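Each of the two complexes below includes chain A, the first together with chain B, the second together with chain C.
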Partner chain A sequence: MNAVFEIVLNPLFAFSVLRVSTPILFAALGALISDKAGVINIALEGIMLISALAGVIFSAISGSAFFGLFMALFFGGLVAFGLGYVSLKLKTDVILAGIAINLIASGGTVFVLFLLTGDKGISSSLASKLLPKIDIPILKSIPILGPILSGHNILTYFAFISVFLVWFLLYRTPLGLRIRAVGENEHAVDSVGISVVKTRFIALIISGVMAGFGGAYMTMGYISWFSRDMTAGRGFIALAAESMGGATPLGSMLSSLLFGFFDALSNSLQLLKIPYEFVSMLPYVATVVGLVIYTTQKTKRMHRMRIKAESKKEVL
Partner chain B sequence: MTSDAVLSMEDITKVYPNGIVANKGVNFSVRTGEIHGLVGENGAGKTTLMQILFGLNQADVGKIFFNGKEIKIDSPHAAIAQGIGMVHQHFMLVPSLTVSENLVLGLEPRRGFIFDKSRGIHITQELSKKYNLKVEPDMLVRDLPVGLKQKVEILKALYRGAKILILDEPTAVLTPQEMVELFNELRQLRDEGNTIIFISHKLAEVKALCNRVTVMRAGKSQGVFNVEDVTEEDISRIMVGRDVILRVEKDVAQPKESVLKVNRLTVVNSFNKRVVDDISFSLRRGEILGVAGVEGNGQRELVEAITGFGSYGLGSILIDGEDIKQLSIKEIRDLGCSHIPEDRMSYGCAPTLSVRMNLLSYKHNRREFNRRFFLMHMSTIRDVSTELVKEYQILCTSTEQEVRCMSGGNIQKVIVAREFSDNPKLIVANQPTRGIDVGATEFIRKRLVELRDRGAAVLLVSADLNEVMELSDSFLVMYGGKINAFIEDVSNFNEEKLGQYMLGLKSQDVDEIGRALHD
Partner chain C sequence: MNRFYAIPIFILASVAMFFAGCRGKTEAGTDDDGVLKIVNLINGTRGDKSFFDSSAAGMDLIEAKYDSAVLTKTIEMSYDQPNWEPTLLDIADQDWDIIIVGTWQMTEMLEEVARDNPDKRFIIYDTEVDYSLDLGNVYSILYSQNEASFVAGALATALTKSNLPLTNPDKLIGFLGGMDIPVINDFLVGYVEGARYVDPDIKIAVSYIGSFDDTAKGKEMALAQYSQGVDIGFNVAGQAGLGQLDAAKDMHRYAIGVDSDQAEFFVQTDKATADLIATSVLKHVDKSLLRAIDMHMEGKAPYGSSEILGFDEEGVGIAKNEFYMAIVPEEIRELVDEIEEKIRSGEIEVSSAFGMDSEAINELRYSISP
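And now, the complex of A and B:
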């Protein structure tokens, strides 16, 4: 147990929490935007995977990490556009279309990888680039805080800035107003002459671009190569994080960090010779336990208040 | 067509893909500065006609003229651009946004990229003052009572430059006070040169408010009348093509033993408010007990408690002496309790299933409809439903027709047929005739009286005061979750006093209310 505390209390651990939270946070913000527009973007997982591969390939071809990032975002938006096209225009069920995209992404990325490198598992033969890390002057020399907050990948900082940007988009711009309105009552939006489909399209594409950021980070920051199914459910965890965070930007950030915490913990605990399979289960178990505690407390409290309200006048 | 018409629709015909002819060569025109009533039974084609005018639906044949020029309206957007606004029956508002945000949605004031909230609020205040429709710009729409929501809807249309306002059954959801307010506001709008199209079932309202009225029947216009020249009876005759007896003929009730006993019932809702507050009454075989009151005073929760849809905390409900607290909806039904739910489309029927299946519904487990080995007895089901369709005069192409394609009145008849044919001991009828046409209303009311005479106990909850007064043998008035009055003899009771009970201005003393519990 002491060993566990030693790990958790080390500034390096906090650093790694931020590091592993980044892709979840991007995807959770993507989930948030499309959810607000009333579309559940279950394809986040697949979009991240495709973007991750796109980042590797295009940064290797061009020799520029930022061009790789750009193409990752482009593919993120493109796949989301495709999802929008089949679900909004052709009226396919968005969940089914999303599942299809995830399956296509899982197999398709391996296929493309094989075509390019002859390897079905990993992209290490491609000379892909990494996005820069940033040392923050002054901050980096502060003890404890410095090692935690400084020296992250540029996308990690951008992820946390995005929390504010997404909030601003949703709550301070006309587009955000429309996105929120269309998610809550599409008929209301329709009746004032705003196109429901167009608004949802825009939201989905932004959502895809956010997932694109997450994917790009996976291969050009978190690690430096692509391997098959490397997103490992982060897109789905992001959906959970968004919903656990009460569908708000700040809440999504906090629950992404919670998932990040357990993710980092499972990474660290592997060093302690605890079986890998057990450790990698932890983030998910933590979620289930957390949700159960949260809801039982809530029900109990409501029950007590109800009894109180019923008996209020019985004394008289 | 009259030359002074600002807007006219000529020879409009609309046939739906399922073959229903909703409009057949309809002519309709309105003048500047009038309130024009549009009345007709459910399924008469009023809604379709207005949907065509507002661009929600396209006519197969026909033209629309605006100020003498032919126009095309292929979307609500186009209608709005022509100055036509619509206040729908189901409000087109976003609950979690504020009044001003709802108002400017789609035409948001901007400061660069940013949505200019304070100008939105300013615009709302200006409009609110200009048209004398008082709203709070900062309130969330979900916190508003229906009357205010409606005002937001009207303002929304006006903000978009509407000169012609379509109001689809605007009074259906309002309290009497809100209605008076609405009528005054509408008159003011008219006097300022706006045109208002007022869709309604309630002839008294049309008579009180409108200048002219177009009557529709079976997809056709039956003519335009000056309201002064016709009586309510005239209009209803034209509407249904026969004389409707709006009075229900019935004998004096012969109440027998109690079927339903409600004793000190208290229901607390999810916001911990006592929505039903310590009420007691009993209901006997062979009588109709009405429950009157402004909506939202605990009637719904009372019905939910009795029918098993909602739980209750304190008190007891006995049906035939059996405590139903722990019983499921099915077990309560098995005790002989029938239920006509308030929300027809969510609880009353399964809209995408056939008439036949809806008639069968909760009876699917019964022996007469089943063979051995889990197979249903389709021929019996068909025969029984065909018979019911005939008996209850349900208009449908066949018993295989999907219920959602039918008019409101016919759907309600399907529900009523299912519930009434089960030989019920107790009938809980919640708003049994809301929003349905005169013909179906009359039919259902007659049936209720018939069932009473055959010894059923009827609990009639209705926001329609006339209905309660006409049908009930005695009735309760609910206010704030309590029984505020018990009127034992409906025949000699004046409406003015009733209004005061309904609004909680007056209440009977405990002994008088106590008479509602018969033994």
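And now, the complex of A and C:
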């Protein structure tokens, strides 16, 4: 047991939690925005994968990591626009369209990679660029906190800044109000002359751009190349994190960190004398436990509210 | 109106396609001109920079050697498991003389198909079929990856004990496996024995990624090992294992590649990574397939049995490239050659994970974990 604490209390462990959580957090914020607009964006996984490849290709061509990032975001938005077009304009089922995008992304990225490099597995023959890591001047020299918080990839910082940005967008801007209103009751929004389709389009595109950040991080920060199906379900974990976080920015961040924590834990615990099967089960157990806690809290709260409402009625 | 016609047109089109498919098959069946037709079914895709690439390269070697006397084809069945059996069944119905498949996942399917097609020859590599099922037309190729891993373990231990600039005083080396399965554990068993041969007190950090393609998780696990004091790690996890090489670059530690010479992939674009790959444990699937076809041509191929290919048959090996020369000091290189020689001569006998029960493997893992 001591050895477990030794691992968890090591600043390097906390550092790795932030690193592992970053792509999940980006995608969870993407899921949040589209969810608020009443569209479930199940294509996050595929969008991340496409953006991941776009980042590698365009940073290799241009020699600039930031241009690669820009193109990753562009493609993220573009694919989300495509999803919006078929689901909002042409009225196909958004879940089916999302699944289609995920399948296209899985095969299509390999196809494009093969066309460009003649390789079907990994893009190591493209000299792609990495986004910089940032040392935060004063924080860096503080013991414990410094090694945990300083020296991350620029996108890791941006992921946590985005939590605030997304909150601000949703709760403090007219657009955010519209997005939430469309998700709550589209007919009401329609009746006051706001275009439901347009608002959902905007929400989906922002959602795609967020997933694009996650994809760019995968290939230009987390690892330095693209490899086949490298997102490995992170887009779906993000959907779970968003709903476990109660569809709020802060909640999504906390549940992304929780997933990141257990993922990092399962990576480190294997080194101890704990059965491998047990360790690799941990992230999933955490999910189930998290969901159970969340729903019991929610039902308790609803129960309390109902009792309150009933007692008020009695008074009346 | 449109919808009214759509259904009959669709049915017509499907029927037409069905017949087109049938005709293709019968045409192939009538054509017989003495050319040996060999098909290689990969249950993945090319581009893994290790196992399947080597297998596909084997077809090129055969083609280059026998030219017009053979017709070769490599079919990538993708990693999508449900695709494999129908593809194998289709191929078995066609006019191929030799059908090659690989990996333990294909074993059961092949056993069935081989029984139903006694006139066809089958080669399966990296696993063996159950010969009690009377499969006289199947030749299984196994590789003594445990022997090559023995050398890798000895090399890693010698390096971690040395005073090389990137090593630390901890006597701790790493092993990053794809999954907890016999073929991966065969690498592990050899690696452990080799490490203990050099130093009985060596500790080894063992992790399994649980996947052969999640590169990011592979990197994360390798980072966890390196930050625990591992200064050289061995990855045996296909594409997922490549994450370890990226981790080695970040942490500035050494790595050992697997299956193909993994330093080669980075020479052009990322020399900083290649400079840290001390060696790779090579599994020459390509050469073993050429060898099998050579034997077939001479009429000596041992169908109905399995063979284990080691150093002597060039089934396995250790990459001794420029990076090996640059990283590994001369006395350790001599030790490596000496151990290799002892394995060849049978003086060192390396155990195998095949036939070991999971209890024994667990015990082995616990005994070396830090």
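Assume the second predicted complex is superposed on the first by the 278 of 316 C-alpha atoms of A that agree within 3 Å, B and C clash if a C-alpha of one lies under 4 Å from a C-alpha of the other, contacts with A are read in each partner's own complex, and residues count from 1 in each chain.
To be clear about the criterion, a contact is a pair of C-beta atoms (placed from the backbone, for glycine too) under 8 Å apart; a residue touches a chain by one contact, two chains touch by 3 or more.
Computed from a predicted structure; not experimentally measured.
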| item | value |
| --- | --- |
| Contacts of A:124 with chain B and chain C, given as first, second, both or neither | second |
| Which of chain B and chain C A:218 touches, first, second, both or neither | second |
| Touching partner for A:288 - first (chain B), second (chain C), both, neither | neither |
| Contacts of A:138 with chain B and chain C, given as first, second, both or neither | neither |
| Touched partner set for A:306, first chain B, second chain C, both or neither | first |
| Dominant contact partner of chain A by residue count, chain C or chain B | C |
| Partner chain in contact with A:172 - chain B first, chain C second, else both or neither | first |
| Partner chain(s) touched by A:9 [first = chain B, second = chain C, both, neither] | neither |
| Chain A residues contacted in one complex by chain B, in the other by chain C | none |
| Chain C-touching residues of chain A, taken from the complex the two chains share | 10, 12, 16, 19-20, 110, 113-114, 119-122, 124-127, 218, 222-225, 227-230, 232, 263-264, 267-268, 270-273, 275-277, 280 |
| Complex contacts: residues of chain C adjacent to chain A | 45-49, 53, 76, 180, 205-208, 210-211, 213-217, 219-221, 223-225, 227-228, 239, 242-243, 246, 249, 265-266, 268-270, 362, 366, 369-370 |
| Complex contact set, residues of chain B against chain A | 75-77, 80, 86, 88, 90-97, 101-102, 105-108, 110, 113-115, 156, 160, 266, 268, 270, 272-274, 277-278, 313-314 |
| Interface residues, chain A side, partner chain B - complex | 172-174, 176-178, 180-181, 184-185, 187-194, 302, 305-314 |
